[in-house]
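Okay, so chain A shows up in both of these, paired with chain B first and chain C after.
Our next item is the complex of A and B:
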């Protein structure tokens, strides 16, 4: 039941936000997200590490098609649910209150849609995301997957930057095309599930176990199709090279909170999909084509890292760095090793937290100077010790310094990739160097040196901003110093997936 | 005290947190007190742990003898850090003669430099930030040597790299300094990638990354296994980055942008010797890979000579010392490569004394000269800075390898092993020490003798440094003079205490190495020593004649100098070469990838699909003509096609 509660609570609270009016919207939305966090924390306290999917809620939905409303959480699911419930309050809090002097984009540019709608969309999104991470039925997964696209589409379209219509349309059409491929694959495998014997016409099943078994029983050629249909769908979402070109524009153009949702949580739908659906449903396909997927991922790491070096817009720089990080996660997952998959899980959480921190840094810069262009900034550290220090820690997490959360994931991922192929690990490992190049150069030009006319009036963090960044910084260090709980929770679930692939 | 050895790094960590969080609110005195006090507590504990280790040798009171194993090592477990599949990494400390020795160097020299910094940084508005970084550095450095596995070593390794970055760019308003800081971090990261891959290969090969487990398995390996060679080479890439060896050395001279105590502590005495620690720690692996040892020796020797030549022509007091450090680190690697493991660590120790002393002395000079670093504008400081003058002189003699000062013993040991390894290496090593003696005395005479060449304002301001700065100088000078006696060689009737002390750590390697199980015969060794000392002495005389007697001065910036000299003065243009070969091409690649492949390539194709759909829908729209006749016609054609399809 608790899983169902986790899914339904945000959207119901969102409706309350919608009717409560703009003035109260943020407070109610924030309270709701905190309650949601408490619920998920309670679920965690009840979680039994070695058991299979728990907190199951299973009800027939469309019995004639074998579709169930089946949601439950295993180690993989609960970690991503926690990521969602931790990040959403921070994302809500990070949005400047409407009572403050409004920066660009504080209200919808069209002026007709108020803050209430914005927070409604965020909470709506949270419901859909948790649904994605907990669905144990193929059809239900697809429904939540598409549902998650609706609120983010509105957020980008109504609160985005100048070129929002074109960019949002591209993002929407691109990901939708990917999802349709996924739907075809799911339906194809569904049609291979055995007819259940009973009264009346037999019924096939969208249940995850039935899909796993049906998928694994397919011929190698069929699994190749399944593999590519699912991989492209997930690769677009993450995004993995060369399916990434929607991402930098969308991340740059979306309102910061939208970018946080997209990069912090939504892209994990793709990496989650790889682990939960792609690997077990097409094991032969993975064995045959996993190598290609790894090469694409690693090419993406290098490609995006190199491009990031010369980006002038800090927001776009982070967008490209995100492609590099996700490429590493994807490559690690396809290494099909315990370390690769666990590193992937760890890095999903770490990246989610760090990238939200980084985009918030961009927001802080933008709200004070009206620009996020690196060459125009500089010298901010002279006047803002708090901001400088917290920004630095987030950056260290992002470049995976040991004792930050980024290192644990990166080390395990590289370890997994190395076991698959040493040469690939060497190339993937270049991210260690390139990441330092673009991040430290960026930090230097934004924060160090002498102030200029744009930055001389820069004020240090407000209470509200500290309330967002300090928890992020604490998480970055805590997860780096003591990552064991996360790894322990993920390990049994990851082992079960791996056992399906190499029995 | 071994059972509370986990407290050793905790004190500086607490110091860092307290100063970092509250440093702006409390007085400078208190900041200095906390900063120095935390390191002092670590030093006291380290001495306690050292006594325990000595106790395990049967010296002193062996109260805790039972917790040490037959190798005089014991593990202090803390907690499980990373665990995934059969990979288990815990935070645990390994207390053994080697780690304990480094504890003493780090906390001992570290404490002295902290005290010195109280005086040196006193007028800096960011006094508290400086001490918080310095404490953080000590924390990571202690973690580096205490960890019982390669990954905990790596934690400290990257941590000290971060502190190095923060302290090089301490005066962050100056973008040149910031660039130097970035360069240090990024260049270190190149090495770190090699190190990281090496760690992973160790895990894949041995199923563990704990030293004890790895070395136990490695001992049963035959020599020259490709995998061991690969591991050792990857680790050496890391060591070359951290310890500034060719080709990853160019960050260290630039790192002199940091405050001078930082140069002394991080970029001379401790952090840059981490690479030597790592290889000395992995001595068994290297012994099993003679090819790697050859490379280590070759790179070390070449770096020692290369950097020494640059040192001959530099005019910035700190740059001379920086290239000297690179060169001395080269000697240490030469020692490791020729199997003089004890000798290398010995040289780390004596170098920590005399190079920290020289840097702090340089700091004292710079302090007195109101920030001036160009030795062409100094001269005649002898009579103004008595303590600095005397201590600097002792340090200069020590580094030049004059008996019985400390540098003589450690360098001699490395050269002795080098002789047995390869006579040519020995000769080159002597050549390097000849250059060392020359550039050091050149520096010494140009600073302290002759006429004062600075401005009148500077001359008016000249003063000896306060006691907080002078006392560390005196202590370090004493150590530089007598420090060598811990390794008093057998050739002079000593028993080389240090060799005995490190024997448990290196004994498996000594058993495996055949070509230099011992030093050359005593008669040969005496001749070698006499030759080396005479050569260095001649070099000192030359420096004396040229810079003191003749009072020659280095060329001014605009002067014509011959091309060879000019090339060396410009550091062989290595920075320019690296910029042309690596940095600029990557920047250009970054731009081209973005403009051409990304925007005009991949994104075009994606948009083409989108436009294709629009075009097709545009064409399909034309079918909706509205004429019933056309629809019926289309329907008939379609039915016929379907029927044909069914037939086939």
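Our next item is the complex of A and C:
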């Protein structure tokens, strides 16, 4: 039941936000997300570390097609649910309270939709994301997958930058194309599941276990087909080279909170999909084509890192760095080793936290100076000790310095890739060096040097901003120093997936 | 059968209203009558009675489609109160549309080819008149004439086909025809060796006639002009009720009767479906007039629904039923909003003379011709979210449902159709259909993006030159919405969500 509560609570709270009016919107949304966090923490305290799916809620939804509303959490799910419930309050808090327009109702005089709708979209998105991470039914998974797209599309469309109509369209079209491919693949496997015996015409099943079994029983050629359909869908979401072209524009153009949702949580839908659906459903396909997918991921790492080095805009730089990081996660997952998958889990959490911190830093820079172009900034460290320190820690986490959360994940991932192929690990390892290059150069040019006319008026962090960045910094260090609980929770579930692939 | 009596009675009542002068209360009476008709259909559930020597059969298939048609008509009447009340001869409009509904009910319940023909005619003739109901508007007249000519043409094909089938088998009865077709020897023995050829030709001609009616490519050329020219409520009627009835008739004939010759028409329907999906969607992308765009998108929806005829399995009647319900709800919602937006858009001066040169048109010219009744250009939706959030939200839901985005009804309709086709092994056609719906997303989103984008700066300025440009920026205030439209909007939103989240409500019925 607690899973169902986790899914339903945000959307109901969102409706409350919608009717509450713009002035109260942020407060209600924030309280709701804190309650949601408390619920998920309670779930964690009740969670027993083993490989079963717990807190199951299973009800027939469309019985004539064998579709169930089946949600549950195993170790992998609960970690990602926690990531969502931790990040959403921070994302809500990070949005500056607007100077309220005098207009009433849901619309401000500028023709844009009001704040209430914004927080509604965020909470709606949270529901959908938690649904994605907990669905144990293929059809339900698809529905939540698509549901997550709608609010983020509206967030980008309504609150995005200049060229938003074109960019959000590209984003929508790309991800929708991917998910339709995924749907076709899911239905194809569904049609291979056995007909249940019983009265009337037999019914097939979308249950995850039946899909695993039906998928694994397919011929190698069919599995290749399934593999690519699912891989492209997930690769677009992550995004992995060469399916990434929507990402830099969308990340740059979206409002900061939208970018945080996209990169911090939504991206994990793709990597989660790889682990939960792709690996067990097409094991032969993975063995045959996993190598190619790894090569694509590693090409993506190098390509994105090199482009990130050349970026002048800091927001865009982080967008590209995100492609590099997620490429490493994907490569680690396809290594099919325990370390690779565990590292993938760890890095999903770490990247989510770090990237939200980084985008918040960009937001702070932009709000104070109206630019995020690296060459225009400089010397901010001299006047803002708090900002400089917290920014530095987030940055260190992102470049994977030991004792930060990024290190644990990257180390395990590279270890896993090394076990698979040493040469690939060598190339993938370049990400550490290249990452340090672009990140530190960015920091150097923004924070060090002479204070110029643009940055001289830079004020240090407000209380609100500290309230967002300090929890992030604490998480970065805590997970880096003592990652064991995370790895322990994930391990049984990861082993179970691996056992399906190598019986 | 009760449903047919009630609808006919209502039609007659509407005509009497003119004579006995109780026009005022006709609107609620018609709404009530439609509800009564639905109740009558529910009452008849599971009875499966044959009427008039097996000319009509009200089995569950017929009843369900009748219910969908009457429910759509209920929504449609709610949405077009203005259309009725502003007309000087509103009773005629009511009567015509109610008689058209009778035709639609006959089309879904026939078990005799003659009744199919009669149903189509009873449905079509009132629509020809309604399409031309804006008598002083050239494009409305054009629409009526084109629709009439094309409709007559198609009926010719259909009738010729029916004749040939009769010639081959000696019967109009679907059941008897089915047994003949099941055993080709009996035709040969009755008709000699040429009998089967007659039957083939007959089936193909019927196929062509039906394809005209459902507007499948390449028999679709009449749709855009007819849809655009007709008054918007009539267009809504054509694209929902007429389409539902035509598909129910199409499916009934091919599923229960001609299925024995599936190898003959399978490839043809495959091609028609693929062409309709691709051409319909691709052409819709280039439309700048929303009505035309909906016309082309309707063609593509016809293509999707033809997948069900192709599969002709257990799932196909459920799939068509669900799809037409989902499509009708979303379309009625979209057309209702469109009608309001159109009304509040000052119509352009007719594109003649020098005015045309002076005033740049806010409606692009791609694909569509300029018309004097030119409201409904996509630009007239710009900033609708600011002018009237409720309308904007309703249009957004309709567009997302038509585009097939979960959890709205349109998604599940597509899902059900595609998966039944996949089950029958039409992988390539499903891939084409998926590609088509992906293209479809483009033009549906285009409308949503327009709705939520702020008006152009030049149109907000108050100076003289920009006032000329501000045709696309009418004021639509919430206060302007009548109660019936408000109810309709909430009903369509609720139905789109309800059907989408609980599809089992409908599909397990059939």
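By our rule, the second predicted complex is superposed on the first by the 488 of 503 C-alpha atoms of A that agree within 3 Å, B and C clash if a C-alpha of one lies under 4 Å from a C-alpha of the other, contacts with A are read in each partner's own complex, and residues count from 1 in each chain.
By definition in this document, a residue touches a chain if its C-beta (ideal position, glycine included) is under 8 Å from a C-beta of that chain, and two chains touch if they have at least 3 such contacts.
Computed from a predicted model, the values in this text were never measured in an experiment.
Annotation for the three-chain superposition on chain A: chain B and chain C clash. In the superposition on chain A, contact of A:191 is made with chain C only, not with chain B. Of the two partner chains, neither chain B nor chain C is touched by A:452.
Legend: residue contacts after superposition of the two complexes on their common chain; A:46 is shown touching neither chain B nor chain C.
Of the two partner chains placed by the overlay, only chain B lies in contact with A:426; chain C stays clear of it.
Once the two complexes are laid over each other on the shared chain, residue contacts for A:440 go to chain B alone; chain C is not touched.
Legend: residue contacts after superposition of the two complexes on their common chain; A:63 is shown touching chain C, with no touch to chain B.
By the document's definition of touching, neither partner reaches A:370: not chain B, not chain C.
In the superposition on chain A, A:209 contacts neither chain B nor chain C. Of the two partners chain B and chain C, it is B that touches the larger number of chain A residues. Of the two partner chains, chain B and chain C are each touched by A:173. Common to the chain B and chain C contact sets on chain A are residues 173.
Only residues 314, 383, 385-386, 389, 400, 405-407, 411, 415, 418-419, 422-423, 430-431, 434, 437-438, 441-442, 445, 448-449, 452-455, 503-504, 507-508 of chain C touch chain A when the two sit together in their complex.
Contact residues on chain B toward chain A in their complex (touch as defined above): 24, 79-85, 87, 151, 154-155, 158-159, 162, 165, 169, 172-175, 178-179, 181-182, 185-186, 189-190, 192-193, 196-197, 200-201, 203-204, 586-587, 589-591, 593-594, 597-598, 602-603, 606-607, 610. Note for the complex: chain A touches chain B at residues 170, 173-174, 242, 245-246, 303, 306-311, 337-339, 342-343, 379, 381-382, 385, 396, 401-403, 407-408, 411-412, 414-415, 418-419, 422, 425-426, 429-430, 432-433, 436-437, 440-441, 444, 447-450, 482-484, 487-488, 491. Taken together, the chain A residues at the contact with chain C in this complex read 61-65, 105-107, 110-113, 142-143, 146-147, 150, 154, 157-158, 165, 168-169, 172-173, 176-177, 180-181, 183-184, 187-188, 190-191, 201.
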